[in-house]
Amino acid sequence: MNQQQEDSNTGLEKLEGLASLVRIIRARKPLVHHITNMVVMNDTANVTLAIGALPVMAHAREEVEEMVSLASALVLNIGTLVPEQIEAMLLAGRQANERQIPIVLDPVGAGATRLRTESALRLLRELHITALRGNASEIGALLGVEGETRGVESISLSEERESVAQRAARQFGCCVTITGARDVISDGRRLAYVENGHPLLASITGSGCMATTLVAAFLAVEPDAWKASIAALVTLGLAGELAAQKAAGPGTFRSHLIDAIAALDEETIRRGQKVSVIA
Amino acid sequence: MNQQQEDSNTGLEKLEGLASLVRIIRARKPLVHHITNMVVMNDTANVTLAIGALPVMAHAREEVEEMVSLASALVLNIGTLVPEQIEAMLLAGRQANERQIPIVLDPVGAGATRLRTESALRLLRELHITALRGNASEIGALLGVEGETRGVESISLSEERESVAQRAARQFGCCVTITGARDVISDGRRLAYVENGHPLLASITGSGCMATTLVAAFLAVEPDAWKASIAALVTLGLAGELAAQKAAGPGTFRSHLIDAIAALDEETIRRGQKVSVIA
Amino acid sequence: MNQQQEDSNTGLEKLEGLASLVRIIRARKPLVHHITNMVVMNDTANVTLAIGALPVMAHAREEVEEMVSLASALVLNIGTLVPEQIEAMLLAGRQANERQIPIVLDPVGAGATRLRTESALRLLRELHITALRGNASEIGALLGVEGETRGVESISLSEERESVAQRAARQFGCCVTITGARDVISDGRRLAYVENGHPLLASITGSGCMATTLVAAFLAVEPDAWKASIAALVTLGLAGELAAQKAAGPGTFRSHLIDAIAALDEETIRRGQKVSVIA
């Protein structure tokens, strides 16, 4: 299951053109509207720029509908949630749905508090979410799977992550990515693994949120949410691998990670991607 | 129009002493009160420290009047605006006006949403703003000039930037800086270009906000807003040039940029400044 | 008073095991709940991860009681205070007190505005705070000692810092740390100095907040707040010394500081700590 595209016989032909998506983002410079948490705003804005898209952070209820109308993708991230923000997310999300602008939801800390679990479920119920990205216990919590979250960190889960991803994809009608040492991406029908990455990604805050932002950037140019999610995770993981070669710890890693995302090209992605497609 | 101070015959004698302003900031350590957006708070605080001033971020309506009274300059930046913040800006701004503390306004995203355009115009109407700093489409939007903003990024403008800057300066009664590959600074009477800078400045989030913060730091020691704005843009542009020599991409550039601002001295500024004065 | 542990005869035996606390944090990975300011959220989350603990930032009144119940320490930092946040801090704090979860208070800018001074005093009155960390004028302001704060920076104080720390510790019934070139730590009975550190720590925003976060991480595994506070200040100061060797200014220093915290081990701490215990 861990084969490079070149020699894989497990459906990678379906992923043709994955590497070229970065070029398309850079050519189109799509606007990605974020309603996101205060911890990672700066980092995710810089990741958006590094991949070649344009970020805008706007969360006032008075302007989110207007702002999202200008965007090619919307990020909803509940990492430092307050109730007013949920309202803003619903307003922006409904407008995005009406205009068929893809939405990525990051249910940060779902399972840790009722506010987070219920808010994420409400967004999934009232909006058409295109892609969902979380760690195992966050996605598990949305399905009621028992697991252990410590704050916003996933500790363990009582069900296989593949099964959780597939069930969540079917239940919520969207593409689901569970990130971890091996990322699992399912749209309910297709399942893929991405094994790019480096332990240093887990040593900095917001690498999950960066993954979510990248999913949005790829969704802005690729309508197949499964492909867009795979491309995003390959991008982050591969950039993490390259950054780790230059880093002396999490502080310098964070700077090199942004450099590496900005420097990624089709050839590097084509050669470095570790994707396996199941079924 | 692109001449260094040494051989310019276009009014640069008016800018004598520009390079010494950095030394004065470092000697006086003026407090710069920011009511600003959540994306760039950390970066602009670090830029304020790097130039030698002291930052304070405070936006509660209950304290902004008291806080600004301690400050030597006030930054109003509408990058992640909510209505409560406008009220705080008006309270702080009125107090600043009463005490003749200079105010810099950064109309982030004006033109993208009504909330932003109208809020920026309200601040310009109800307060005496000393300096305004934005990109071409933001400043254009405040004058009703047709242009294209994508989120908070300026795409194009239907009128010459020099003319927009001059008209805005006259209409709003303040010094106007339009930043871009070539910065245009006009107080309605005088016009200057700053050609320091590097493309990497556009690759990180918040470089415009950093420019605004630097305008405030220079205004805290230089009452001529036109000179202060020029000095700020030279500082950021020159630091960008120096940082780019060490950077391997936008992530490392951001760290080196702060280093370069902190390391700038009079001699480097005097030699490196690319300022042209028109009329 | 400035002796290394090896040859000190001033009570350092009381600090036995200080260096091993880092190992304990890394083994237990305690969750540290922050209700903190928007300027430093990202930095303090990264510092928490670097020392080996897990950060969670949550400030909605609807979830803070639930979140803090999962945590091993709580940080209350008033750096960008709004009244709603005080309510959230009181809710979380009462829950923490009930569950005997230690609380660290950072009274950022106390003395600068009434909102800050009074809010900090209210938290100290209504909650049982375990440790208080501020600069000299902030702690002084809470006691009514005359001093000069410029925004959030301490300028001068009319009373000796040792005396202020001891009086504050007795009055507020908690361990008090006054940070500066030489840190003073008193629990009202015992007094220690930490002389680790580097001037570059004062050149970046949020190094005080990082100290506070580290106090919380150590408190999560060490019930003696005086020992925990000393360990935290040694950690930050020593990491600052090591980072300074690699840094070319405040921007690169900030990255190397996170690297250095993540790389600290018992041996380095044991050799590098500059602690003196008085009485």
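The chains carry the letters A, B and C, assigned in the order they are written, with residues numbered from 1 in each.
Quick note on the criterion: contacts are C-beta pairs under 8 Å (C-beta built on N, C-alpha and C of every residue); 3 or more make two chains touch, one makes a residue touch a chain.
Labels paired with UniProt names: A, B, C = Hydroxyethylthiazole kinase.
The shown structure was predicted, so the numbers you read here are calculated from the model rather than taken from an experiment.
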Worksheet item: Counting shared numbers against all numbers at the contact of chain A and chain B, is it over half, same, or under half, different?
Response: different
Item to complete: Note the rotational component of the Cα superposition from chain A to chain C, reported as an angle of 0 to 180 degrees in steps of 5.
Response: 120
Worksheet item: Distance-wise, how many Å sit between the C-alpha centres of chain A and chain B, to the nearest whole number?
Response: 34
Worksheet item: Which residue numbers or ranges of chain A touch two or more of the other chains?
Response: 38, 42, 254-255
Worksheet item: Where on chain C does chain B make contact in their complex?
Response: 37-40, 42-43, 79-83, 109, 112-116, 150-153, 203-206, 247-252, 254-255
Worksheet, complete the sentence: Within their complex, chain A touches chain B through residues 29, 31, 33, 38, 41-42, 45-46, 49-50, 54-60, 62-63, 66-67, 70-71, 246, 254-260, 262-263
